[in-house]
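You will see two complexes here that share subunit A, one where it goes with subunit B and one where it goes with subunit C.
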Partner chain A sequence: MTDTDESSQFDEESYPSDGSLDYDSEDQDMEDSQFWEEDEEMEPSSDNFGAMSHSEAIQVDHTALAASSQRVLEPEDLLKGQAADVARVSELTALEPWRAELLLWKDDWKVDHVITKYLEQGEKVLREAGMLSDDPVEFVISKPRPDFMCFLCCDEDKATSFKLACGHECCTECYSHYLRGKIQENGSLDITCPMNCKEIVPKPAVMLLTDKKLQAKYQSTLCTRYVRAHNDMKWCPAPDCGKAVKANISVTDESVIPIAECNCHQQFCLACNIDEDHLPCPCKVAARWLEKLRDESETMTWMSVNTKPCPKCTNPIEKNGGCNHINCTQCGNHFCWVCLGDWAKHGSSNYQCNMYSPEQAEEDQKSVNAKREQLDRYMFFYTRYNNHRDSAKLDEKTYKNITKTMETLQKEGKMTWLESRFLPSSFEILRQSRQTLLWTYAFAFFLDAQPEREIFLKNQEDLELHTEGLSELFEYKWDRIPGAKVNFLDKCSYLKSRRQKLVEHVMKGMEERNWKFLN
Partner chain B sequence: MSYQRRIMKELERLKTAPPNSHITLVEANDLETWQIDLEVNNDNPLYTGKTFRLQFIIGPNYPVESPQVQFMPLPARPIPIHPHIYSNGHICLDILGDEWTPVQTVASVCISLQSMLGSNDRDERPPDDERYIKHAPKNPKQTRFVYHDDTV
Partner chain C sequence: MNALPKRISKETERLVKEPVPGISAAPHDDNLRYFDVTIDGPTSSPYEGGTFKLELFLPEDYPMVPPKVRFLTKIYHPNIDRLGRICLDVLKSNWSPALQIRTILLSIQALLGAPNPDDPLANDVAQKWKEDEKTAIQTARDWTKEYAKA
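Coming up: the complex of A and B.
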């Protein structure tokens, strides 16, 4: 890279206003700063509420505590990132950029690995990646020739033709048609010569033979692969968002929970496939909980008064007639409704439970009770988890009213738009607290008895109490809002610190590997 | 559709100048399904005097992708007995699968099948015939054939 290149990428705006520039560090971070230029402090200017004045602002932790270092990547950033990798490999291997890109694509964009492999093994690497020749290639469309016949359409009088290093030549019309089909099927750098030989059709050839729309599709397929190849990057799961987030910390470290937040406000975990903020639950615990929810969803009918669990498989049985002989449809167990004992012991003579033995009954009851107890325990946590989920949905309704309230306050001359900015910020705190709160129930469910557990439960209780407190404030009619502003601000700053405390307590335990979970 | 001209051309040639007198285009009402009668062009006692019916289905990506080819059982058109031909008419032949290239044509596939029959001296079905036809997909292209020893 030349000096002129370097200077050209800093436009005037990116110089610090005081004019100082640390040239040394700029130089060092060259590669990186191009791509992962540190974002400025997250400014909520992209929301619907205009710029936030700092004096009024309630500072919102947009991202989870442990993942404060993340970078949202627009499609252009992704392209720049790929280009920077390609340039680097190309420079160090002296390969043409399209060859470098093909090698990167084949080896999951592991830049250093690609460079080392090529320098060690040379052209063998090119062959394996689908480049049959290392002669310099010019991607050009050939003029019509009398001796040429296209092997796809068998036309002899075609205008123009194209071929790769493998020599399989067909007319440009057929080539374009072929590429169109492949690109529409999500092909990118895996598209091979139409002759079904191993030669890859490289990017410059694709660009030569396709229109803008197909090129865009081709490029986005490449981007998808690029993001997938990096375990610290993930596409934002919000539909049609099209941005990705990159973590600037290790996402494989089990003691961090890298919750990302996209510019579109979608939150998701970079280390697992849960598309929301699951703090304070470690990924594994959160996954266990979600699995539990799935498993138990059928068992829920248990709680209804008219059902009893099959003593063998716990499948809920509903008694719909007078007969006490129950035949479980799930496991085929025959049992007595009254005592839950084996039906065979009741004899075939009558349909009454006449086998009542206190010992047996007690034993049966014990096993049922144990299962019941387990379920009750689960239900305790589940109800609270679910309740916060439901409340979050109700809160969303509240949120829709906030703008209206702000408008009313303004119209009635009670508060300026700026003065009422604390409402949306407070709402964000409420939303966050609920989100954390609901996952605390998942965490607590798996938590084994230990002294730290009591502290956790205390934190949880405290967070819950004040979350509901804030939630109540949002139910005020608009004319009570100005008087409650201080109250809002107090509650928010308290909640914020409580949430932080709770999460930090959990994280500290994770770092020290102190938490003991139930199996 | 860019490849259409090629298909028309192939069809025209097969009609007017088939590779030999034992390959006969019976019908190709649409450009998609072709019926062809095939006989061996030598005196292999296993097949002489018999006529077999081949069906080609030409997909939208032909000739980039191979056609779907199989023998069809009809009155007076048996399925040839051959160690690479299943009793439902499916054929285990590499050029119809992985080894397909767009330079192959319907005619060249017919010639390959003709020589596959002409050189065979084993009056038997594939060893896994019974099992295969029980679970076989309708489209033989969906079968991942492990190509039998092709010296047979």
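Coming up: the complex of A and C.
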């Protein structure tokens, strides 16, 4: 099993102790959730998380702007989703729910696939999923058979025992003890019979033999697997959040950037592993940029006086000592520090740089220059990208002062709390704009020459100008704030529309597959 | 320490009464969870003629967790490292409480007869085993002569 980090987010209370709710909870779902009911009626075969139209599903405008309608899923929602899938498979295959659940687990919760496969292949599928017999099973703790000796503890006088369809009987204590170990190691529907046979211990058996705390851990492992199995679902990456987000659109469509926002305000991309809003960059471009950042951080040292790039491989070489014969450790190139020419042509004893053909030298110098030019170009975008990252950090400081300012305004009788609510919402606009702005530099870095590029750059310039404009307002002392309210609101609405315009322009190009990126 | 679980006494009893050919295992008098083990190198393996000492310890949670086993005698084998640790699936993820000390020792004996350089613990040995099996086997023989003389 794989993960440990996602387990702590489940508290024991959110789970039924007997597992009963998991299988027959449909009625309850109908009662407490209206969209659920609608969904069931409209489109019985679709997933269980409600239609896009549900008002809560639409987050703040910028995610909608990314065409990402989404739904935040609490642990209970995940359990309900699983229960509904189980109920559906169980209904259409006439299998007991616990068998349906094992099939779903085995085939990554692909409901329709599981149903078809079972209807086509029958019992074979059950064997493969760890159900060795299809006799009806009752999961009960019972009195052991007369000549019973528990194989695990070798005791003969145990009051109760348990066995699965495979018939391997162990005393209840040993069975529970065994399950505890497996669950703590993130086992779930892959835990087999302790007697080393292939029979899987299904959920009702686990529920029967474990305490509440272990059941919660077990359910959480199941949920982790459930979320993993869906490419349109992802755990919120914020530590200790414990919620997942589901997209109600296709996340595999490359013309879409499904940036999700959790109820805890963490933003992350549902299609790639970047845990922030990387609009307007398509995932691939954003990933390339981050890779570039990693690569270049090493080569930055180039610019320092004592290093030169190796003319062959551009590995930065530091000259130590007076000898001009340089041997590149990366590619093995021998070259001359003074003219960067091939050392072999300098003669063995007393080198003369003028022995070297000026054309060749020019050629070499050109390639070095080209490399430097590339680096300069990168530095241009990197500096701006990084600047906005740093500014974003400073903005966070500003944000902390906002509450103080609001308190002061109220105390001095200048503005009520309600009247000063525009400050935090303006800040949110500022934060979003800066976030988009910094990624525009990554986008622009890879953007090939094309007419639309000019429009993009113009939009970027505009966004930058007005982001800084709004940012400045936040520097005002508290007593200037009431007078600046209109200014705040104007700047915000303008900035918002600038950001929207820029993102929409990029998205439109993506839909039409118009953007050409450099290789 | 708690009283010795019945399971352990039973296993020990059987190991002594019906020993496996080529394997011996005896618990310490002062710690019945700690066993001195010897395994004879299987015939027609590079370890033939050697007697290898191992230590085996049954953790508190045994049999829910596997026993801890380690070679004490120096051995040249791709699945056994310098410290005598053994790379064997049944000692790790494939452990099941249905297995016993006996089955584990048999698996180790089998491992001596069939080294598996594709799942190495001692990388340098495995490398050698793959590149130049002849020399590797000779080294294993030499080590057996030098360190595992009965």
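In the analysis below, the second predicted complex is superposed on the first by the 424 of 519 C-alpha atoms of A that agree within 3 Å, B and C clash if a C-alpha of one lies under 4 Å from a C-alpha of the other, contacts with A are read in each partner's own complex, and residues count from 1 in each chain.
Everything that follows uses one rule, which is that a contact is a pair of C-beta atoms (placed from the backbone, for glycine too) under 8 Å apart; a residue touches a chain by one contact, two chains touch by 3 or more.
Please read these numbers as outputs of a predicted model, since none were measured by experiment.
Aligning the shared subunit A places subunit B and subunit C in steric conflict. In the superposed model, A:Glu101 lies in contact with neither subunit B nor subunit C. Judged by the touch definition given at the top, the superposed model places A:Glu173 against subunit B, while subunit C stays out of reach.
With both structures placed on the common chain, the touch criterion links A:Met195 to subunit B and to subunit C. In the superposed model, A:Phe151 lies in contact with both subunit B and subunit C. In the superposition on chain A, the residues of subunit A contacted by subunit B and by subunit C overlap at 151-155, 174, 177-178, 181, 194-196.
Of all residues in subunit B, only 1-3, 5-6, 9-10, 61, 63-64, 100-103 touch subunit A in the complex they form.
The touching residues of subunit A, counted against subunit B in their complex, run 151-155, 173-174, 176-178, 181, 194-197. Remark: subunit C residues 5-7, 9-10, 61, 63-65, 96-99 touch subunit A in the complex.
Considering their complex, residues 151-155, 168, 174, 177-178, 181, 192, 194-196 of subunit A touch subunit C.
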